[in-house]
Structure formats: structure tokens, C-alpha cells
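A, B, C, D and E are the chain letters, set down in written order, and residue numbers restart from 1 in every chain.
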Amino acid sequence: MTDTDETQTAVDASKLPIYVDCVTKQYLGGAFTAIDNVTCAMEENQITAIIGPSGCGKTTLLRQIAGLEYPSYGRILRDGEVIHGPGPDRGMVFQTYTAFPWLTTLQNAEYAMKINGVPAAERRERAMEHLRLVHLDGFKDYYPNSLSGGMRQRVAIARALGQDPRVLLMDEPFGALDAQVRWEMEELTVEIEERTRKTIILVTHDIQQAIYVADRIIFLTRNPGRIKADMKLEFKEGRRFLKKEELITHPGYAETEAQLYGMMREEIEKIRGGE
Amino acid sequence: ATDVSVAIISFSPYAPWYIVQEKDLAKDIDLDVRIIEGIAAKNAALQSGTIQCMNNTLDSIVSAKSNGVPMQVVAFSNMSYGLDKMTARKGINGPEDFKGTSYGADLGFLNHMWMLLTLERAGLSYDAADLVVLLPQESAAAFLQGAIDIDVNYLPFAAQSLKREGAHVLKSSLTDRTWERGLIGDVIACHEGWLNDNPTVAKELLRAWFEAVDWWKENPEEGNRIVAEGLGWDEGDVRLNQHGAVQLNLKQNLGAFGLEGGEALCKNLPEGAPKAPADSQGWGSLFNGEDCVNGYAGPTWDLFNKVYSKVDVAGSIIPAEEGLNSDVVAALRDDGVHEAYSSNKWIGRLELPEKYQVEELWQGIYPAGE
Amino acid sequence: MSDTVVSGPALAGREVRHEDGPRGAPFTPPKQGFLALKSHYSRKTLGTLALLGALSLFLAWEIGAHSVPEAKEKFFPAVEQVLAALFQLFAEKEFIYDVGMSCLRIYLAYIVAMSVALPLAIGMGSFENLRATLNPTLSALRYLPAASFIPLLLVWFGPTDTSKVLLLFLGVVWFLVAGMLADVRSVSHELVESALTMGARRKTVVFNVILPAAGPQLMTSARDLTAVAWTYLVIAEVIGAQSGIGAVMMRAGRFLNVDVIIAGILTIGILGVLTDTVFRLGHRMLFPWAR
Amino acid sequence: MSDTVVSGPALAGREVRHEDGPRGAPFTPPKQGFLALKSHYSRKTLGTLALLGALSLFLAWEIGAHSVPEAKEKFFPAVEQVLAALFQLFAEKEFIYDVGMSCLRIYLAYIVAMSVALPLAIGMGSFENLRATLNPTLSALRYLPAASFIPLLLVWFGPTDTSKVLLLFLGVVWFLVAGMLADVRSVSHELVESALTMGARRKTVVFNVILPAAGPQLMTSARDLTAVAWTYLVIAEVIGAQSGIGAVMMRAGRFLNVDVIIAGILTIGILGVLTDTVFRLGHRMLFPWAR
Amino acid sequence: MTDTDETQTAVDASKLPIYVDCVTKQYLGGAFTAIDNVTCAMEENQITAIIGPSGCGKTTLLRQIAGLEYPSYGRILRDGEVIHGPGPDRGMVFQTYTAFPWLTTLQNAEYAMKINGVPAAERRERAMEHLRLVHLDGFKDYYPNSLSGGMRQRVAIARALGQDPRVLLMDEPFGALDAQVRWEMEELTVEIEERTRKTIILVTHDIQQAIYVADRIIFLTRNPGRIKADMKLEFKEGRRFLKKEELITHPGYAETEAQLYGMMREEIEKIRGGE
């Protein structure tokens, strides 16, 4: 939790950007519970990473926040209002490349604004701003197919920023990228957060990524999906690191990583044992 | 036994072959009867050696022969006698109204020829009316739809055409006296090389044909049944077809070729068959001669060849002597077969199916009856 | 790091329900119209909707047939007339024999086509130079209208079953080659390379890797093209129309029995769908390992 | 960690060449036979091989034609005879007019078929219930033999161009629908969902996401089916046979002028390949963003 | 270099399992040099990781060792013999799933032996042994499509072990896997090396993976591909770690990782500058 440590007791959780209120999600007509009575809230200017073993319900939770699926029980609030479907207030970046291949980088960056009726001039200006933020201003007239995977994800991020979302949802956005590009994207995410101060929820499998990018990590257990841990990354002392090497040598980092590896190993072994 | 394949289209006047098969009339011949619809297909089959003989219209043989298909007419199987109709829309009452109209007929098929001859007799050019190339069933459909003005066709399609508002039969092959000169008639033609190599087989084949025809004339009910079965038809459809046609016996064949001992159909009409109206016009003018003569086949061949070559259907001019081969029927006559199979009864004497008992269709000549 | 912590500064001052608390109230998602972008149906609903679609077609036909002017009625028989004709065909005309003959011809032609197309596709898909040499020519052959080969076939083979089968063959074979070539070429290069690094020789790669890898997709391509073969049946069986659905339809045409023609069309449609189903089942049985 | 270290204990005691040393000797890879599993060719080689393939076909034909018994010569004309017939068609018989008419009909039919198939495919691809209702019926329609609809078309439209175009239409439309539906359905769900999260409404999703996303594949499907349309030409143009390549071929077929038939087949083949090329170019121009 | 530190001076590099001898690989008819005069050797019982920025020629180098491509200049020796094509002495694991989908796990594991004429009984026994090694003996009758991505890669590894290769080549074998599964696979690789003592060459982008799995890291620069560094991972003191957490907290680990991140950043910035 970076730098909003003010009068904590005065805050009403249900009025926060995202409030997940006792959400249960069942599939197969109730036969399978993916998410079991999860409650949590996300604040402004905070990157929350959701990690957990495969199939623990990370994607399910994120999609419900996006409004692409609906809870079976409970509800999700966005700034105090119940979510009833997708909307431009919640931008989403997927693992697969979703930059529209028929639009240039700039057209992609403008797209959300265009369908939401932002005037052309303003649209263009803001889009260029976002492209500069993701270092793609030099590629504004390229089509996605002539961009690398990392660049395409940056287009998707710029496009999501275009809808000026209250919340930015990312479901393993760098999972398909090379380690090297992934690392660049992680640094970019931190940079974007520093500049835009959005509420970012990042689903990932990658422990190092979660520690580096996030301010807080929610660890889900599997079957059913419950919160195993909700860690504030105290060792960072409220700082964000623009270069990953800086974090790696930061005191406490290795311990946190080892601790999370241990939790993950525990979960995996629990699952293995159950099979 | 020798294998012989003959091709027919599914048309009952071509179907005495089934009687030959059923009654096992052809000695030492394993007869195979094939239905091959489509002129091109039949010609191709003959050329390929898969069949040796076929039944077809005379004009089709002329166009095939003139385009290089090596075959010869060896006999005349039947003559249209009312089955073919020219049906016109309202306002067209005769050749005088044909100019600028369109008619449906199959290219290089008898309907086409009939219309060309009709135009010529009326002193019109061949392109005075527009040909729309259509198969018989298609022509009827197109006429009904209103796209063409005249449907040159045969039954049962003509009956369908008549359902068009104001449509009427201008003339039929009976009232038009085409039978006097063999203008709408069918023949048996065989592969030239095969004929040369197998004269005795050919003779036996045709003998069996004439025997079958003779038997059918005497036993119309049973004959119709055999034919219907062979074709996969209803027996009523056989009656309809035979009502509009005459099966020629050997004497009438000799007459067509102009051989001794024969008499042309027009001089020897079957007992009980209806008669054309007395005031109807014959076709002698196209031949600079009489309407009804013995030996009409040769001049008709030449006329067909001339007309088809003018409209680009015939590829060359083949003299009648090369196209018509009377050797087989002459040989049969020498054996006295023309006396043995001499029935001249009309197979069409049986009652028509009810749906075809329509006055307008038969222009008052129906019903015939015994 | 206890199991039930729900942290974050914003929540620190509030009591929040956690995982062991009572379950939230059932959530009512918004209603979706008929044309919703996302909907999933049970098998039963799918079946009902499919039936509905088919019934509407027949209904439209029935209404159409009954609103046709009398003169044209014969060309547009109603459903019940066609069904009557179909019944009569089977009951009185031994139609089942014709159906059998048609199936035999189709399947025979198909087998021949496959046994030409498969080696060509595998060869061209495996060897670049074979493909460079043959493919441009073979793919141009797709444009050759099979129907226009009828006179040629007749001259060479007469109005025999050979001609008919060859016509059906010509109608599908080049399309099969093109489709199957695409399938073979879509076999992942890495599969081939990993076989090579295991010491596989050329023959092994072709028959033990490329062929099985392309198998399921090859069968799907083959299945897709049966539809084309069925549409050629009426053209093929007009040649020396002795037997077969096409021959029956052709003869019906001679008496303008459009009801019989449509009964034939219906039969072909049903047989086509059945063939498709057999292929589907065969696919599942032959390639249990494919998705 | 200097730039030129080449370490590892095994090498420690030896002098090894490093990156600044002299370049190694040229390596001679083993020779590959004609049927090599992996080979890449320049455009020029590809062109030469393609030509070779085409020439072999013509050579085989030529040899075949000259080894036919005299009686059947007419039915297997040699290449030069066909070319002569083709020349004569153009020079004396105004064949160019027929070619034009045929093209017009094909393209018109194709445009109509596309404008029916595209909305159907997009609709069924986007909306699950539409698909559940219509698709089973529509995919069964593929089996209907277009040729047997000729009498019906004649009754309703006469031997007009409308009938011909409709027949061509019937020959391809259901295949087009099936192909295009598959294309629309293969549009990545994530593209649709990301549009939804941006606030896109149903209409925007269908026309602004699904349609452009499926575009290139739709055009490829359309291109693949032109070949089928060309094969139907000879069936369609027999109706009324006034003009068109099919009509010319039908007339020639009547009299077994096989040289003219083959000239027609050749013309159709060439036109087909040309159409394909135009589609290819169009694809590149319309979808510069697609691979 | 784990535990073969004997009489180093006596070893003839060209007789080692793999000796890359002044190899240059050019494309586009010589217009583009992917690998420029690279010389290096790999020993037995050694895992060498090849890392470097995207496009630096890692794959190109590995494929030449596999015999799937040929050098333009220089040559590659396997135990002193010039490589002239692929062979069962060099097994390869690809990034894409190459377990044959039409064969069961066991049939896959037997495949290499089958085409190399190993008798059925022996084949089966050895295949089962390899499956036990990759923890797939319980899945021997499954087809790949009912296995997870990680399991499929394990099938591919078992299959490659079946050919009893002198050298095992792996080209980003875990690149397509989830972080969690990737981590399991990394531990498996170390375990396999401990058991089989093969020569393993692992191409990867993932710095943490390289440090954890390898005994030695070769860092390639890009355009043209040259060896920038050849690091013996001294801080490991010749040990291999079966659990990743153990390594993470090992002294010197964080420094090595930060150092490699620094090298990578240097390279990427060099490339960016050149564009």
C-alpha cells in the first residue's frame, strides 16, 4: 500500500473502487464451485496481484469484476454500484493478443474513445499520450501483425487506457511473452501505475512478477477458490521500483519470494495428494 | 450367342426391345437394352462401341452422321401420329403470326426441325422465330412461365403447356400430316462398321424387332405391360405414347425405303386409327412433289440435311444413299418376313388415361376407339 | 499469513465477512434477449431449435405450394404430395434398389478419389519440389467442369457404371487434393523435426509422422466434400439412366413428375446428412486422440 | 565476464579460437535428392517447376491423343487441334461475347450468393440461438443437387439469365454459408470480449469487431468456392443455351465436337485461375493488415 | 562445472561431446549473419544455458548442433565427428508441444527406440523407466490431448531420453508453460541431469531459469550473434539444487541474477539504440 496510509478507519470498503462482496461462483449447475465466498476490496493507486495454483479461480474472479460473467451468490461493487455487465469503467487486458489486427496502433489506441463518442481531435491527442506512455508513439501507423508480441500487448494496454477506466484488469497479460519481454512489460506496468494511479488487478502465475509489480498479493487456494493469504508487501516499504534488478537485491526480497514459493509448493502438493 | 446392345431413351415406341427380351425372340443374341437419355450420350456410346444400335429420330441421325458419327439407318421403328404438338400462346394462330416470336425446342432434335420446316413452308426465314434451346420438360416449364411464345413439344409435356392461360394447340403431328413424308419419325440406326461385319446378326436383330412389334399389335394389353415394366413407367403412360404414334411394320418400312413389296404408311394407315382433317395441308411442296409417296425416306433425309446445315447443326452433306441402308429390310423381305408379321392394328386403340382425355389436346380427333 | 486474513488498509477499520462467513445472496444476472452475443444451450434446447428451423422450412414450402396458381401446381408439389411420392417409390417402385446403387456409386467414386488424392496430397505436402511441380497444375484442374466430361466418358467407357463413377470422381478429386494438401501442409514442422532428431528416415517421417498427424484433418476434409459428390449424383446417373436415384429423377422428369424429383432430392439430402454422420462417428472412432 | 572469455574446464587448458579469430572454413552440407523433406526454392525455381508440371500434363495429353485408334481420334483431339478450335471460336464465332456473358453470370451469381451467405454467416456466427435454429437446416441444404432445380427455375423465371444466375447461386450458396460460418466462428472470443469491456454494444461488436476480424478468412472461403461456381457454369448455361461458354459447349457436345468442348473446358480453367488471382490480389489490397 | 574438476589441461576440446568450431551462420545469401564465428564446447554431466536477447541466434546455434541446419562456415563436432544431419545421438525438445498426439504417453516414450530397432520388451522397460523419471508412469495410457502442457513437455523429454542421446538439446522447452508449471519443469530438469548425467544444452530467455537450472551460462549478443560472456556459476559451489527456493536464498544468487539482468538491459538498450 504505497502512500495512502491516512485515516484508515474512516473508509467504507463497499465504496472502494472494487468491492467483492461474498462472491461464490458455481459451474455445472452448482455441481462445481470455482470461487467460494470471497470477499476483498481494491483501492485506488494500488496494484493487486492475484496468484494461486492453476484452476484456483483467478480468471473466474477477474472476469466477474469485468462483468463478463456473473456471480452465483454475492455481488461485486464498483465504487458502490453493483456490476451488471462489462463497461468502459473497467478495462481489461487479456493474455492472448487482443489488439485489433485490422487497426493501426493509433487506431487501436483511439478505439475505446471512438465507440464512446470522444471527439476526434481529443481522441487523437489522448491516444498519442497513451502511446507515448507505452513507448509506441514511433509505431503509430503499424498494424499489429508487424509488431512483436510485447508491442501488441502494449497496444492493448494503451487501448484500455483510452477508455479511462477506473480499474484496469489484467489476466496474465505477459504470460505469452518471452522472459525478456515479460520483464520489460513488468517495468512498464509499474511505470504506468506511477503515472496514472489507477486501480490495477493483475492475475499471474509468476511469483517474481507478482512481487515486483504488485503492492499487495492475494493468494487463492484451489477447489474451492478461497483466499489463502492477502499479503501487503511490507519489505518494499511503500516504494515502487522502476528497475527489476533494484528490487532483486532489496533486503527482504529473497525471503518473500522463497516464502511464496513455499506456499505454492504447499498448494500444489495438496492438489497432487487429492488427485 | 452374340452380345448386342441397343440404346433407347425412355419412350415407349422404342421399347419393343423389351418384348424381344421378354419373349426371347432374338435367336443367338444376348440383347442388352440401355436407356440413354440425351442425343450426345447415345452418339458417344455408339462411337465407343458400348452399343451397336439405337432408336432415334431421323433428323438426329442426319445431324449425327453429318458430324461424323459412323452410323446408318436400317429400319423405321415408328411414326409420330399426334404425339407431337405445337402449342402457342394466345394471339398466335398460325405461321403467319410466327415472326418475332420465340419457340422452345431441343437443338438438332425433331421439334427444332419441325419448326424450321413449318417456317420454310410458310415462306419465312429460319430465324423469323427465335429458337430457345430447351429440353422437352424445360420447354414446357418455360412456356408456362411465359418466357417463350411457342412450345414445340410432345406429350405429356404438351398437356402441361396447355395449362397456360390462353394457350392452344396449333397443330399436332397428326393434323399436320407429317407422317406422309416421315418428317417426325423414328428409326433404328446401327454402327456402320458393325453392320458390315455382322450382317446376319443385324438381320436377326431386326427380324426379332418386327416380330415383337407384330406381337404387340396383336396383344396390346400384355405388350403395354411388358414395355411399362421395362421402362419403369405406368402402363397409362404407355397408352398415351402409343396413342400418339404408329409402330411401323415391315411393309411400311419397305414403303419408306421405296422397296418392292412395300407401301408407305400414308397409303397403309392402321385399322382404327383416327384420320387427319381432310383440309389439312401436306408437305409435298417442299419436295416439289406429292404429299404422300413411297420411298419418301431418301428425299426426307436430303431435306433434313439441307435444313440442318443451313442452321449450322449439320456438319456436312451426306447423300441419302450413305445414310440409309435398306439391305437388312430387303433381306428380311426376301425371307418373306413382311408377310409373316403383317399386323397393321393400332396399339393406341386402348383407352387413354383420364387426365389425357382432353378435347383441346386432340383437336377434336380424340377419342378414336375401335 | 494466516488463512483467513483479509487485509488492505481500506478494510482494516471495518468488519468484513470472510470465507467462513455466510454465503452471499443469490445474484440475478440481467436478462438476455434472443439475439444475445453469448449464450449456451443444452443438447435438448439445441435439438428443439434445430427442429424449429427445419419445420419452418417445410412450413414455408407448404405455404408456397398451396399459393401457387393452378397451372404451375405440378411444378411445385406440396410436402404431402412429395411424401406420398416418396412412399410410393419405396413401396411400389423398389426405390431402395436405386438408393443402394447410388450409394454404391458415390462411395466407390469416393474411395477411388481418396486413393488418388491422399498419396498426391501426402507426397506434395511432404516434398516441396513435388508440390512446386504438381500443385499449380492440379489446382487449376479444380476448375474443369466435370459435367462437360460426359461426352468424353461416354465415348471411352460407354454408358456404364465406370462412366458414372468416373464422373463423380472427377467432380471431387481435385477439390480433395487441394483440401488434403492444405491439411498435410498444416502438420507442425516441429513434429517432423523431432522425428528427424530421433533418427527417423524419410519414409518413417512420411508414414509415421506426417500421415497420422494430418489424419483427423484429412478425414474432416474428406467429409466436407461428400456434399459435393452428392450434388453430382443427378448429373452422373443421367448417363445411361438404368438405375439409381438420379435415373429415377431423370425418368420422372420425362413425365414432369416434379413430386418424384423432389422426393429424390429429399432422399439425396437425407443420405447426405447420414453419410456426414457416419463420417463424424468414424472420425471419433478412428481418431480418439484428436480433440 | 570479459567479452572474449571462452570458459569451461575442458577448454581451460587449450588455446581456442574466439570471436575475433579467423572465420572457419566454408561448410559443405550433404547433398539432397529431389524428394528431400526440406527444401526452399526461389520464385524462379518455383515458376520453372510449375511450368514443368503443366507442360507434362500437356505432353501426356498430346501423346495420349496421338496414340488413340483412328476411329476414336475425334474424341481425343490433340493439343494443337484444341488450340485451333479455340482460335476459331474467338476469330470466327465471337466467342469473346460468350466468355463475357459467362463471366457476368458467374460474378453476378457470386455477388448474390455472397450477399445472402455473408449476413447469414455473420448472424449465425454471432448469435448462438440463430445458429442453433438455422444451421442444421442450412447445412443439409448443401446436399441438394442444384441441377435438379432447373425445371422449377424455368417455371418461375423462364430460360432467362435470372434462372441461370439462380442456378449458379444455388450451387454455391449453401457451401458459402457453411464455410463463412466456420470463419466467423473462428473469430477469437477475446476480441469480442475486449470490445465489450470497452463499452461496445451488440451492433458495434458484430460490425466493428466480428466482421473485420473474420474478413480475410471470409474472403479466402469465398475464393475457394469460385471453383465450384465455375463447374456449375456448364449446367446453368444449358438452360436456353443462348449464349455463354456453357451454351457453346452444349452445342458442341450435341455433335460430339470434342475439340470445341475441350477448348471450352480450357477457357473455363483459365478464367477460373484468373478469377482466383484477382481474388488473391484483392485480398492483399483489402486486408493489408492480414498476414 | 559440477564435479569433474580433475586434470583439465589434458582434455582435447574437439573430442568433447559438443565442440562448436568457429561457426558462422548466414542467411539471405550471406546478407545477414545470424551467428558470427562462435567457438565453444560442452562437457558431459553439464547443463549449459544459452541466453541472450531475442534474435541473437540461440535457436540457430542449437538447430545446427541438432543437425537441422548447417553452418555456413566452420563446423560442429560431436565427440570429435563432424555433424552432417540430425541423429539419435542428439535429442531435442522444442518449445511447442511435440509429443505425438496420436500416440499414448508410453508409445511416445517408446517411439525413438522403436524406429531405432530396440526390441519390444527392452523398449517398454526403458520407456517405463523414463516415464518414472518424469513422473508420468501413472499416465502411460493417456493421449497427449488429455494431458496438461507441462505433462506434454515431460512426454517429449521422456521420448528424447528414449533415444539415449549423448546430448539433450532444449529450445525454450518451458517457454509456453505457466510460471508455476515452468518452475516444476525446471526442478525436473535438474533432477534428470542428476540421474542421467547427460550433456544438456538449454536455450532460454529466462534469467532466473538459467541460473537455477544451469551449471554454466553462455550469453550471446545480437547482430551478429557472438559470445558476450561464458559464466561458470561459481556461487553455486558445484552444487545443484533440487528445490528452487533453496537456490533463491543461497548467498550470491541475487547478485548473479542482478548482474545478468544488467547485462541483458545493456544488450537491449544497445539494440534499441541501433533501431
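Assume a contact is a pair of C-beta atoms (placed from the backbone, for glycine too) under 8 Å apart; a residue touches a chain by one contact, two chains touch by 3 or more.
These figures come from a predicted structure and were not determined experimentally.
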{"item": "Chain labels contacting subunit A and also subunit D", "value": "C, E"}
{"item": "Leading chain pair when contacts are tallied as C-beta pairs", "value": "C-D"}
{"item": "Type of subunit C:subunit D copy interface by residue overlap (half), same or different", "value": "same"}
{"item": "Rounded Å distance, subunit B centre to subunit E centre (Cα mean)", "value": "86"}
{"item": "Cα-centroid distance, subunit A relative to subunit C, in whole angstrom", "value": "44"}
{"item": "Between subunit E and subunit A, distance of the C-alpha-averaged centres to the nearest whole Å", "value": "33"}
{"item": "Gap in Å, rounded to a whole number, between the CA centres of subunit D and subunit C", "value": "18"}
{"item": "Multi-partner residues of subunit C (each touching 2 or more other chains)", "value": "72, 75, 150-152, 155-156, 196, 253, 256"}
{"item": "Overlap residues in subunit E, where contacts from two or more other chains coincide", "value": "none"}
{"item": "Where subunit B touches two or more other chains, by residue", "value": "40, 44, 47-48, 137, 141, 144-145"}
{"item": "Chain-to-chain touches, reported pairwise for every pair that qualifies", "value": "A-C, A-D, A-E, B-C, B-D, C-D, C-E, D-E"}
{"item": "Parts of subunit E lying in touch with subunit C, wherever the complex brings them together", "value": "66-68, 86-88, 90-92, 94, 96, 98, 100-103, 111-112, 115-116, 143-145, 156, 159-160, 162-163, 169"}
{"item": "Residue numbers on subunit D that touch subunit A, as the complex places them", "value": "188, 190-191, 193-200, 204, 208-209, 212-213, 215, 287-291"}
{"item": "Residues of subunit E touching subunit D in the complex", "value": "1, 4-5, 8-13, 16, 21-24, 36-43, 46, 70-75, 84-85, 216, 226-232, 259, 263"}
{"item": "Touching residues on subunit D, where the partner in the complex is subunit B", "value": "71-72, 74-75, 150-152, 154-160, 238-242, 247, 250-251, 253-257"}
{"item": "Touch list for subunit B against partner subunit C, complex", "value": "7, 10, 34-38, 40-41, 44-45, 47-51, 136-137, 140-141, 144-145, 156-157, 160, 163-165, 231-233, 237"}
